[in-house]
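The data blocks that follow each hold one structure.
Shared chain: subunit A. Partners: subunit B in the first complex, subunit C in the second.
After this line comes the complex of A and B, so read on.
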């Protein structure tokens, strides 16, 4: 009996050991299966994202007409800093960015807080009305803005008929006003889009925080700056990064409203890339150098925004 | 660590794989190019962009085809910008899949395609006789001694004038025939005084007027080699700039910013003249209530030695791509646009397209009197002026230089000194175009 018992015990130990081993292989196998699941997207991302990125990077060191490309080292990058059109494009894009993104973020935040007011009537009507612009086609709304601000457009008719201006203003032929029109257009198109993010984030803010604040005597402005803004910080960060990227890539509006003019007063980096590739004698090498400037800018600006928002990592 | 290694390995593998596969594609593309010589295609495709104009012309050509080739011609409409993009991306990637056999390219862009993709086009030197076509078209459609393009529509320019406005200001059509731009401005001032109408429209973002002006002297943005910028020491260009500014300063120009405003201005009777290419005729005739009030006279010239009263704006030509079916494509072009004067009669009659095939100009359709223009034989006049257009090699960089000049023009209009503006443009162009 006792012999049998010990035997069983002796047998038991290695058996248990074996089982854990099987579990281990099982785990390993499951990990492998996991890899199999993600491998499709890894392959797809590699082929359609990383490979073109590497190729574009190589291309940015080449120059030449059409298919006659040859490596020119850093010549493209040198050319970049002496290229007045590129500098104009960079300046314009930066102006759009610096004025438009903060303007839009503040406006979207403001609207979302207003629309989140539980006492507001026709809430969904207002929400839809403000969100609606961003389901319109980029080209369609750009063309409409162009005609609104044309010399005989409705804005000018309004200004002249109500005595705000003695003579129709040629908005799109004036370097300053052309920029203003572009900024107004993008703001109109994208404010509602960002507002939706804030609105949904506001649903997650605990109402009792506001109640407590009110009991402590905080007014609406204090509540907004001390509670709403800090609670929405991750979303504000997210929207400002996506808006920054979007504005850096601005193309449709500029091409359709002003076509970069007057002169180079509203040309954007993306439009310049298009011109270099398709309007002029194609130089895809230099065009991809300019494209990489956008990449670099996005990285730098995102890092700055993360730092400012205080997210370490 | 192991995971990371696996991932890196995977990525490297994928990149290598992708690189290989793209390499294969390129080589198979060139293989098919190489072997395309003998194989007969039973279908060829042609790309053009305007259903009322060049697409319609292709359809007429298809009907008029007189050769004995047995193949089908498929005509595909693409926007002009799309054609340029598709050609650029297709040709630069080295694959000829999806490329057409015949494609229409605007003359200002032709050289950049011919030089950027040297083996992509099939020479037509032995197929057509370049002497059969208007001389000014040859420089832009040939490259390196080979004729690549079959010249199609003429961009010959004319000055469309409102005879009733001129009369009010005390002028006749003769007074604006064969004049200089300075004389034109004087007429413009009087017309504005008498009728309150502007003489013409100007678009500050489009220097087409300046381009037409400098071509009257046989000059262009680039030197004859087609690539060296010719701006700082270009007397004609300086004159063109001065004339442009003068028209602005004298307040005889209505500022427009796009095509529809441009067309709207003369259709609504806001301007007394339209100096532009002959392809505007259908748009002018849209305003049927203005019938009998228009005439077409030769383009004003710059006040310089050697300047003529003939110029060009736009125009395009047919090209055959070096892909399977190029023989058939060349055969199709030869037996239609390349040798059939009757086809050009049809084009004039049904579409209003003026070709550049010289032998066609004697036909009846060219002598038709146009009621809208008070019985003037405008087609015949245009084709006569076509022969006088100074030939210019538009070269590679028309649009690149024009963008530089547009900025320069803004500075000049705002008071900068002309010589400085042009020197600036010259150095900018030299830095940009190598």
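After this line comes the complex of A and C, so read on.
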């Protein structure tokens, strides 16, 4: 028995030694191979994302028509503050953001809490129905909302027939109502999407926490604010950042529902950039300056949201 | 009190469900109605389904648009799956300090608003239009390339690779497979569900993409479905029955994907946050 062991060891040792040596060369080789797996993506993202970002930054100090550009220093940046269309675009985008994102997130949270109740009937019907708007393309649903809210659209017929309004409201020709329609449309499209995130996060929350809270006499509202919201904080942060970035860039909806109108009542920053570059006489330099405003806003708002979420921890 | 609470919960959910479904119902019903009936808000099915479809295919170039959208969506999906999964696998299985830093930098690209890079991209593709028309302005190649790989999907595949059993890789190496062989013969077949989830999301993003094709495609025969619908929607004498038919046809593929592959669909959304 002991003879066998030593014999085995004798055979084993040199083999093991050889193995480690091979593993070492393998490790070196593998490090190089690892880069081969990632290199195409690194190059592609650099060419199609980072390089254009640098280009846009350089363009923001240039001006001229089409490709006849020259450096003008900070002239574009000064022009921003005196440009009424830019100020309208910034104001509209901010209004969409400040009203739509909180409205949607609260609504989505509320719906997910209701749907998380194990005793609820028709749960999957409600879940699928509320998620359904996410399968539509932004352009398609925008066109549909434009017709729904038209002067002779279904919403107006409903309002008039049921006596909510004495005559049809021209939603899309009214600066206030046009904004409301845009906000309603985005909320319709994205609430179910965010709700799914909350629902799956809620399923990971330990039920006994709620049990304990109930025994301590916490009511539903207290449970919501003291347990649900803190437990879901990471996912709420994630959804509010993605929604903020999304709404800051809003384009498809305003172009296809109101085309920025009436006047410039619903024009968004992205739409203004598009118009400056491809609709009016192209001014790529100034368009890039306007686009950097979105970049700055995205960065600032993301930092604020991280801070707010961090503080309450 | 309890019953009252229950009743209000069901009422609220029912209203939410109706609001969510109503535009769909109206859209589907409208396909079967005359333009006049659509504008008058008719909510009952009519008899104009065939007439609307016939008119759609006769007067609108929907077939070329469908072909363009399909080509773009399929190539984009294949490219994204291939490049992003290679990278996600590479970043996770061959971890090193350098790669972790590069990965973090790549993630920053998710914060870049498309509107900010659209002008430089347009100029970039403009500069190759004469030498490489397949990737120049007004080419399908130019639509596909900028979205061929994104930090989001690299992140998505990296997150999912964390759950991939590393022993399988060792086993493959011992069996004499090359590193690429391990990837294609072992990793890809094992991660089918991850690929399915990513495929659904990429396909939908590409199928519904509007702003970039609007910028880069110029001739009418190159138009994709969203461009076509946007165009129809803003026409001065719209035929609503026809427009609704086009919208339904455009929505069908994504709706089908959703209903057939609900689980993967949700997994695709969640894959980006877990871990």
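Of note:
Everything below uses one rule, namely that the second predicted complex is superposed on the first by the 269 of 313 C-alpha atoms of A that agree within 3 Å, B and C clash if a C-alpha of one lies under 4 Å from a C-alpha of the other, contacts with A are read in each partner's own complex, and residues count from 1 in each chain.
We take it that a contact is a pair of C-beta atoms (placed from the backbone, for glycine too) under 8 Å apart; a residue touches a chain by one contact, two chains touch by 3 or more.
As the structure is a prediction and not an experimental result, all values here were calculated from the model.
Applying the stated contact rule after C-alpha superposition, one finds that A:212 touches neither subunit B nor subunit C. Contact with neither subunit B nor subunit C is seen for A:304 once the two complexes are overlaid on the shared chain. Of the two partner chains, subunit C is the only one touched by A:249; subunit B is not.
In the superposition on chain A, A:264 makes contact with subunit B only, while subunit C stays out of contact range. Using the contact criterion defined above for the overlaid structures, shared-chain residue A:235 touches subunit C, although it does not reach subunit B.
By the touch criterion stated above, A:67 is placed in contact with subunit B and with subunit C alike. By the touch criterion defined above, A:148 reaches subunit C but does not reach subunit B. With both structures placed on the common chain, the touch criterion links A:126 to subunit C but leaves subunit B unconnected. In the superposed model, A:188 makes contact with subunit C only, not with subunit B. Note on subunit A: of its two partners subunit C and subunit B, the one contacting more of its residues is C.
Shared contact residues of subunit A with subunit B and subunit C: 35, 42, 50-51, 67, 146, 150, 259, 277-278, 284.
Within the complex formed with subunit A, the subunit C residues making contact are 9, 12-13, 16-17, 19-21, 23-24, 26-27, 38-41, 43, 83-84, 86-87, 89-91, 93-96, 99, 102, 106, 109, 111-124, 145-146, 148-151, 154, 173, 179, 183, 204, 207-208, 210-211, 214-215, 225-226, 229-230, 232-234, 240, 243, 247, 250-251, 254-255, 257-258, 262, 266, 269-270, 273.
Looking at the complex, you find that subunit B touches subunit A at residues 6-7, 10-11, 14-15, 18-19, 81, 84-85, 88, 91-92, 94, 112-113, 115-118, 120, 204-205, 255, 257-258, 261, 396-397, 399-400, 403-404, 406-407, 409-411, 428, 431-434.
Only residues 26, 30-31, 33-38, 40-42, 44-45, 48-53, 55-56, 59, 67, 111, 114-115, 117, 120, 125-126, 128-148, 150, 152-154, 157-158, 188, 192-193, 196-197, 200, 235, 238, 245, 248-249, 251-252, 255-256, 259, 269-270, 273-274, 277-278, 284, 287-288, 291-292, 294-295, 298-299, 302 of subunit A touch subunit C when the two sit together in their complex. Listing the residues of subunit A that touch subunit B in their complex gives 35, 39, 42-43, 46-47, 50-51, 54, 63, 65-68, 79, 82-85, 88, 146, 150-151, 170, 172-173, 175, 259-265, 275, 277-282, 284.
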